[in-house]
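Would you mind keeping the following structure in view while I ask a few things?
Think of it as A, B and C in the order they're written, each chain with its own count starting at 1.
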Amino acid sequence: MPAPAGIAMRSATCPDRRASQASSCRRLPPRGRRVYASVTPTLQPGLENRTAPSWLAEPLKHVVKSQQFNAEALEHIFKVTREMEEVRAGTDAAHQLDGAIMSTLFYEPSTRTRLSFESAMARLGGTILTTESAAEFSSAAKGETLEDTIRTIEAYADVVVLRHFQAGSAEKAARAASIPIINAGDGPGQHPSQALLDVYTIQREIGRLDNFSVGLVGDLANGRTVRSLAYVLSLYSNVKMYFVAPNECRMREDIREYLSSVGVDWEEVDDLAKVASEVDVLYQTRIQKERFQDRPEDYDKAKGKYIVTTDTLAQMKKDAIVMHPLPRVDEIHPEVDADPRAAYFRQARNGLYVRMALLKLCLDGRTLSH
Amino acid sequence: MPAPAGIAMRSATCPDRRASQASSCRRLPPRGRRVYASVTPTLQPGLENRTAPSWLAEPLKHVVKSQQFNAEALEHIFKVTREMEEVRAGTDAAHQLDGAIMSTLFYEPSTRTRLSFESAMARLGGTILTTESAAEFSSAAKGETLEDTIRTIEAYADVVVLRHFQAGSAEKAARAASIPIINAGDGPGQHPSQALLDVYTIQREIGRLDNFSVGLVGDLANGRTVRSLAYVLSLYSNVKMYFVAPNECRMREDIREYLSSVGVDWEEVDDLAKVASEVDVLYQTRIQKERFQDRPEDYDKAKGKYIVTTDTLAQMKKDAIVMHPLPRVDEIHPEVDADPRAAYFRQARNGLYVRMALLKLCLDGRTLSH
Amino acid sequence: MPAPAGIAMRSATCPDRRASQASSCRRLPPRGRRVYASVTPTLQPGLENRTAPSWLAEPLKHVVKSQQFNAEALEHIFKVTREMEEVRAGTDAAHQLDGAIMSTLFYEPSTRTRLSFESAMARLGGTILTTESAAEFSSAAKGETLEDTIRTIEAYADVVVLRHFQAGSAEKAARAASIPIINAGDGPGQHPSQALLDVYTIQREIGRLDNFSVGLVGDLANGRTVRSLAYVLSLYSNVKMYFVAPNECRMREDIREYLSSVGVDWEEVDDLAKVASEVDVLYQTRIQKERFQDRPEDYDKAKGKYIVTTDTLAQMKKDAIVMHPLPRVDEIHPEVDADPRAAYFRQARNGLYVRMALLKLCLDGRTLSH
């Protein structure tokens, strides 16, 4: 069975419709046919060295969706991520991307994600061109296509981190671009670096990505985070999933069917305490108020149903962890923060390292445009 | 005959009303009487070296209007621009402006122009202080004059790139400033780096700036781009101009009279196909919807009248080019993009190089304020 | 008598509620109990060297309020500030904070203050992550606490410069943070770097901080600037203060009583000319229109009452100075600018040096988080 709609894998390759133009552009040597969807980037060992030789045939082209990675690709990315944890200011490692320019092109504000990418770039020596609210981008207002915008920006930057309100924007941008596009969230669509940092955190905290159990709690219907996470975890063996959600926010059928079709053992459970006592990872999420606009009482009911407190912690295994994509409102009590099992701020920090790795892998082996 | 109103040349020099203050400011040595309007910066060969000796009497002071440059000055700027194309990350050339600080002070958003300047500065090693929406600048809201704002900002930066909604703002800022001001567009007024990049692109693409013909197409009444371009091209010999515009958007009389007065051969033509077959440069522009607010049907008619398509290309000479200041809406069909004669994305890239040259020339030979 | 409310000294120390979490965070070694309010940072000589040894027990932790500094601490900060005036691009001094990352987290726009801090960081080699309008910060909109935001941002930056619309925000942030928080204004609360730059300017311009007289003019009721300045100047000996304010804007009783209680000689005077002839420092401020929203005629009356003109200058001593926190509207006539005693633009520049010093002192001796 194919991956569920919305996170569907596409086998289309990218017809290089700009081939002739590319060859008339004197600066950027034409690159080979670009294959970015559903095809695992064949990441070679030794990618670390960005002045690497030409045998480095396939650096990471774009980061557009969680489904573009298989377990092997993730393993390589996480290996590089682990190295990024060790980058220290003042060392050569902190100058790996010296001279590279990143444009954070945000059509809707997301300060947290933007700062995370910008800090990642800064820690590797790169330069940042920042755009907090490209929605006011006068060109867009005048009717310019995203493709034209990208083809203009690519003269100014070596990599674009794109946040857009419209699903599919990152893929559209990647099709037009001759530089890497990293999707930092496109509306209800994808936010792949979030999925990667979640999986990396699990590996980093509990030491493995198979043979464990995870409870996904909260708004499972609307959160792209948990939907993507469930999908990516299906790449690993023997991951037992519990879904704990208010009735209005149940995990949707597409994901449930998909998981079943690939043999993942999942279960919907009402009792948070019971799940807490079983799992290695308790992944809490925020009930999204904006989904209950005309039903405030339903929101209050849903919101109050599953709260992680010190009582929940008391149920949990000694080496289990609590995760949360943040921001949090009331769904994890602040008293929980002091417990070493509260992993969510470490998870945020891991986002930094994952994004450093993605930037490095995207820029590795590329000739800068200048 | 004088240059037309709106792009009029002014012979006023800048009375240094701040002389006594300047001398009481311990850090910045008082500079000579500043002459920035209508007077060609006497650019010396050897400007490249910013630690150049004091014989470097006249670096570029400010960039406020197209009319401040004569053909000799443009030749020098374009020579430096050509060198900028060769600046590569990791070389000494990429550190020419190390330590210099640029403030992009944008009172209205123009992401494209801002990023172009910021990328230019980054590629030369400088640092960027960015302001996307200085209109919310609390000081302006409180009634501070632009002059006071500039005198404050000049403590923080070595050069200011100013975008303002009011014509004449750049000149006003330059009068107050002890550091270079680069006009990145002041309302309906000037946008000199756009004019420079247009002329540079013609030279770079067809190899010369005299003895050629150009068709200016689209909104010739309202576009400051084509008005400035027509003016600057009048500095060169034997440039034949064709104006192709819907009736509502004809080139205005001030420019037409000015061109005649300085002996430029121009002609208004209805038939785009015919012009396309004659010219070396076809410069298309967007019909500005905002000019037709109460006449939507007139807009639709004007907008649909002159579209560059592959049919137009078929009429054109083999070594002619299509230019466009971007953003484009429908006035050039996307199929045209693949043709090597479609020069508009290369034109955008040239904007980067021209801005690198302007920053370098403005900062060359200056003592940084720190 | 205690310091007046609003600028009250608090003796509370910071219970390190996150101790257990800190110790589970592998990267940042747990730091000692943090004491930041009302306790003078014991600044050691030799702080200049940020790779300084561990005997450097007490770098500046946070900058949250004017009252955290005593005269000894200010003396040290001003000594470092004086050194900052000599930092030149291209020298080692300009690389003191290489590798350090500053996040300017501004919940309300204040371009002037933001650019001043960003320029300060740039001049010391650090990197800037900028946020012009964190009010749109999607996380805040979703109900995230400031504490959670800070704990996330601290993974990305080594120091946060916070501007917030709510009094007390900086202290709240500092309590949560494991990195230094510098208050760049929290609503009607504190703006300590402004107070420091004012005092530094007096010392720099008239050569001493005791045995002088100062006239505070304008909106003394609502301006946090003059309130803080009066407080800080009370730390020095024999500073005579004159308050010159329209009736609606008199210095409030809390400050007046506080000054009396610590033996400061102050006087309310009606006649600006008389005060001008007496003082060494004439500190003019803007009447804040926003305080007179429903009484426009009262505003006009208050605003017109005390204007500094060349006539005022004629009254003043030859070596006295005019200060103003800027922005200015009409309360100092532009003709005054040309007089060497007009110190307000030099005062703005001093803000840069003070902020360089604060950044250096906050980051000195810290292990960067990366």
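Everything below uses one rule, namely that a residue touches a chain if its C-beta (ideal position, glycine included) is under 8 Å from a C-beta of that chain, and two chains touch if they have at least 3 such contacts.
This is a predicted model, so every value here is computed, not measured.
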* To do: Enter the angle, 0 to 180° in steps of 5, of the rotation superposing CA atoms of subunit A on those of subunit B.
  => 120
* Shared interface numbers for subunit A and subunit C above half of all numbers used, same, or below, different? -> different
* Asked: In whole angstrom, how far does the Cα centroid of subunit A sit from the Cα centroid of subunit C?
  -> 40
* Of all residues in subunit C, which are in touch with two or more distinct other chains? -> 130, 132-133
* Asked: Where on subunit A is subunit C touching in the complex?
  -> 85, 87-90, 94, 108-112, 115-116, 118-119, 122-123, 128, 130, 132-133, 286, 289, 326-329, 337-340, 342, 345-346, 348-349, 351-352
* Mind pulling up the subunit C residues that touch subunit A in the complex? -> 17-21, 23-25, 27, 98-101, 103, 127, 129-134, 136-139, 142-144, 148-149, 151-153, 155-157, 368, 370
